[in-house]
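The structure under discussion is supplied below as structure tokens; questions concerning it will follow.
By written order: A, B, C, D, E and F. Residues from 1 in each chain.
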């Protein structure tokens, strides 16, 4: 939670950030694992807490709590083609909305971005139902060699504390 | 009798038992209403006034430590006109006040206060919260018997069930485990019995979990359940009473193999255990490791994880899990166990999602099984015969033992299920 | 008999009656199919040709004023092959034409036209729209009896029910009320009987509506139902036949207190009423105010609001409400009533949402009550005994009266419910 | 017997038959389980190893051409513990491997491989995939009889059914049609029987499809079913056995009118047909055109479209359609047929959406019909009497014939339905 | 309804307006009642009609039809902590999309903004279901002392004329 | 699918395109058929494939596959007022999100735009349910006499290969 309205950055940077989020979403929508993986930093933290993100992820169970190594394993598993929970991959489309640049350190190229996520997933490998995933996403982006990269991504699902169905794709 | 022998035999069960809503209703009554059911662990309510909410079958209950320190299980429903008392999943307090008319209840479930007392003519002691007829604990594991006719918990667990729980708890230097790092609920659109079975099915590792094996090939499952059939000395064991396990002990190549971490990282724990138990006993505990077992009907002892199998409808189940924390062991070690738990269980983990999708595909395939059974009674059956001819019964203990991939575990489940659903002794 | 005495007694009812789908099915037949049920008010169809759509239980019907000015209730279903005739919630016309094969029906429900008449061999008079066996009105309130065996409306309402409706309508200078400012539907995931009960439960004000009381503390509810038990002279009244009320009249401290507006603002209305009725009668009407009552089974007279309780499933209800407009009173005054109605009822109001969430929490708490009853028949009961020992029966009128917080209203409901569901006289 | 004569008569049926879930369950058993049901067409699996998935009632099945070229219908469910074998809608392969424990099955449904064979003691031949007791084809149309007691397919189709299929296939110069351009599923929240009826109801054209007629007024439907009643020589025909058609032949004003394209565009096809069949036979085929008919219970021959009526629940149906492609005709012509199919059927087409919404409005109007029937048995009926007095029975053929707008088709459906649901000969 | 495409305003204003809407949505999502209340003018009209907004709200029943005083009461009630219908507050995330500036009077600092709303609400205080609220939102914004404020907000739910579940949060 | 992040166009054009999409969505939401029809070119192709848009629409069945003439018929049918499947018209609101300009030929005024669509439809003429339609939209826009027009619109629903309910509105 942030008490204040969004930070101000140059329009071009704002647009760059938004484009980056849409591009990331498209890669995730289309289960383009390798391209998505190329967007993260070596010290990425990828976190889906089991409730609000108000606890130390080291100290409690989370739905997903990946460092770079575990994320690599996750993507390796998806790429085997035998990850039944994603074989075939879910058909997905994400709405990334209400994009706000919550903080910006232009000199270091560090940005914290808030957005709301609505993701529709057709779980056609399983029950065939259209599932909806809704939450608040906080991206920590870092500019590396001129390009934005994901240093941290936290997805606080509105139903994070409720039982969830399979979440075997890259959210 | 709905689940009669026209649907169950020693070698097979009919798919309709997984999908028929009338069977589910009967299960809620007979399996979850008139038998011992796991509710929670007393480490979840460490302080007086702590409570968590649960389901006993579908009945909403509160597991609470009352102000006298007694652990209780109470209906989560006001004794006046039935409003939910607690809608959070956990909390702490000195009493409960119903939001409808303000009645208050002690944490022991007694009616304490009635606003506008002039109109209240009944005995407060007649209006306490509903509760199971029997409550009992074994090493902190709290079980309830709603109906009251299920015998003692000791009888229910039997020596086999007790030994399984002992084997887990004894891994703690203090003998105490703690389930205090949160639960994750995994919603699976399949019948609860499929989960009870697949949690303890060693036969499926190489197929259902092929992607996990391929992407993280150095897990100890390799030795425990993969590899050539004859070369694998692990066992499937029916302890009787519906309790059964996959016993990987014979296949562990190193002490503490099941820990899944370098001996360097495990060292502080190993030292603590040796200090507490002596080197020899500690060694044998470390060699054995935690059990992989089901305590009938809903408690899965999944090595350093605990799962509760919560039936929701005939085609929906919640698989709740948490990590087993060891008392008297440093936080760094316990956090490794947390990370292993995240990797293994839950909707975003590397293992159970593949079991979940498999169960969901079974549920879909069986959707019409009640109808096809009406049309032709040779359709829609499921086979449970694997290893029936090579299993060994031990007349002394009543245990049945066989190859780890054999359907001894399934048969153990269904034998107890039949007993309970048919009201047999 | 599904709702037999194993589930109901004078002091208690079993929770399963709120959740069991089989009970709901039986209710649709016995309560809503074979008894008098409120459909609407004739001010909703003021002109010939006006119609609105409703449900009679779950049966879709049209309330219409036909071209002769007769108010009718007709099935919203073509007599040919059953297509819905009207899918809007209201409309106006001279006839209906079915969109499937073009049959036309008069607003009186007679079959008028059949395209391609060469193939039509039956009597048109045999193919009119389905309709309730009995239809009757009392002061504009339209009631229907689908089955036809419910006696007269007069018998159903009894003197008590009629007086309640009179008390409301007499507040209008012309004696006529108008329900013409739109209905709001509030979907509540709870059983319809919970709403029938909570709409007329004075005991819950201080808890369920604590936030309303705290944030708008100057409402007249303060005097009517809050405050010390003994100090409160308001009454709960069972009029018989399932009709009951909360009678706040004894507690009103000022004439027109129930109006909830300054006497300055109310003045034009007060003057109009006095002009129409004479000062004395007007004074007594203003002192009394509108009723707060239930006409069994689905009509809530909520002071200057009317609500219809529409059962959808055993665990879903729609609570429809509108504001009572007074004929012969200026628009400014009526608009104040509209604003009060918006504040009190509906999903975004200050009052009923808290009743709704309470009912929803009851429904959840009772979800397993049919099962727990099978396991142990002492589980899952709801208490209705409040004030049973201090209620007074008036042998002459048959009324039972007691303290406003007493469960006289609930018992009144359940006594009639039992009669109807068990087919007793 | 649930669908007994208290709900069905020669002139009417009760609406509850469309909404009662117990009726639906019985239908899945009696209509779709014990009778011949259309599964697919062999052109859908042209190569050895091709398969598509279907439902036989609600039972998931695979239509496959095995490696010997045999077309088979097999349960889409592993014979071991019931996992879905194929979750895609179509595919190609040499065998299936179950993802749970790796059992493999041949495309003929035989169990071939069992991993870890040491534990397997049963006969592989006892563990093949479930399959219908009878399978038969007529001109590539594959039908299955799950139960096995439905007599021969020839008997089921009768001369009428066979002639209908012949009339369609003979339009192909090679005598072969192909259903290989994809299926579209249209989900309709209404009972399957409504679709079976409305697909073959000529009476509704002018109302349900008024917008289509108004916006694309030059279709041949104008002549076929619109216009003055007496002027229309088209026929409704009951072929017996539940098969019936709308016979537009008498009304076609030009050869190939049904083609809906200029004779210039149709010319290459007309030439190909003449080449294959000779001018005279080709002319008569072109004059007649394709049938518009139902093969009981689920196959709609909709001129140059095929639809499968898939029941999902009592209030949900999937209407699957594809376009009929003619072998031996150039692609340009077939593509015109595809475009016509897109215009006529499916959720975004110009025709069927209006049937769908009509059926959905019927389903809603009938929702309470089981209850109203309990209240008063004169409520909730649907009329089927149209043309009953002018229909002609042909004792020789057993056919009944009448005006195209008459409810001969409905009566044909319900006569067979009654026979099947009541187990009559 | 507006016959014409959106009005033209300077990019900075457009961005300011969009940020304002996202900020408002965030406050509502997080049940930050006081901060949300600070965004409205003293003459605010806050309206959820019981159908299309084609009628005089004075003359008919609406779901919600607040002037400033009644809105203050509403928020006071929420703040008591005893508003059971929002205890605990629903967990929510809003998608504010298709933002169009329908009219702009730059001199007076008055803007009319159209947007589409999809709001997911986890009603965990009640049934526990994930509810979705969908509608057209029209904001009348006014610039006061340099800052944008809400002079009117109308939410036309697509299902406004249908029965609705509890709507006890700030929509 | 596009391997690359979005193309770069001047901010004003980007804004113009986004406004155009929002305007089109509003016309569709409100069943303003004639105004919507005015936005398409004479050679428009309007396509809802029965699965991913990876096939030649001429060669297989699609849900909707309109050339200009058939689209005219479609709209003519809607305007008759007797199109029962849309009488009364569904009440709808669309979220048009993640707008990316996938390619831009500024000289010829040709743009390919990707966006994600979530459309809520209250089917009050039929079952009364709130239906959701989710998919990927690709617009081919062409500038004609200074104004953007739709030369092609493809809507790939995530559940395109599943049975769909009536789709009788302009998606």
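Keep in mind that, in the parts below, contacts are C-beta pairs under 8 Å (C-beta built on N, C-alpha and C of every residue); 3 or more make two chains touch, one makes a residue touch a chain.
These numbers were taken from a predicted model, which means no experiment stands behind them.
A.B. asks: Which chains lie in contact with each of subunit C and subunit E?
C.D. replies: Of all the chains present, those in contact with both subunit C and subunit E are B, F.
A.B. asks: Would the interface of subunit C with subunit D count as same or different, where same needs over half of all numbers used to appear in both copies?
C.D. replies: different
A.B. asks: Between B-E and E-F, which chain pair shares more contacting C-beta pairs?
C.D. replies: E-F
A.B. asks: What's the distance between the Cα centroids of subunit B and subunit C, rounded to whole Å?
C.D. replies: Each chain reduced to its C-alpha mean, subunit B and subunit C end up 48 Å apart.
A.B. asks: Need the CA-centroid distance for the pair subunit D / subunit F, whole Å please.
C.D. replies: 32
A.B. asks: Quick check: what residues of subunit E touch more than one other chain, meaning two or more?
C.D. replies: In subunit E, 11, 84, 95, 97, 118, 124-125, 128, 161-162 touch at least two other chains.
A.B. asks: Can you list the subunit C residues in contact with two or more other chains?
C.D. replies: 87, 99, 208, 358, 361, 364
A.B. asks: So that we know how the chains sit together, what is the shape of their touch graph: line, ring, star, complete or other?
C.D. replies: Basically it's none of the tidy shapes, so other.
A.B. asks: If you go through all the chains, which pairs of them touch?
C.D. replies: A-B, A-D, A-E, A-F, B-C, B-D, B-E, C-D, C-E, C-F, D-F, E-F
A.B. asks: Quick one: which bits of subunit A touch subunit B in the complex? Just the residue numbers, please.
C.D. replies: 48, 50-51, 58-65, 70, 73-74, 76-85, 125-129, 161-168
A.B. asks: Along subunit C, where are the residues that touch subunit E in the complex?
C.D. replies: On the subunit C side, the touching residues are 89, 181-189, 208, 210-212, 214-216, 318, 320, 322-323, 335, 338-339, 341-343, 346-348, 350, 353-354, 356-358, 360-361, 364.
A.B. asks: Can you check the complex and tell me which residues of subunit F touch subunit C?
C.D. replies: Checking each residue of subunit F against subunit C gives 84, 88, 124-125.
A.B. asks: With touch defined as at the start, can you tell me which subunit F residues reach subunit E in the complex?
C.D. replies: Listed in rising order, the residues of subunit F that touch subunit E are 11, 15, 19-20, 22-23, 25-26, 29-30, 32, 35, 91-97, 118, 120-122, 124, 128, 130.
A.B. asks: Please give the residue numbers of subunit A that touch subunit E in the complex, ascending.
C.D. replies: 1-3, 5-6, 11, 14, 95, 97-100, 114, 116-118, 132, 134-136, 158-159, 161-162
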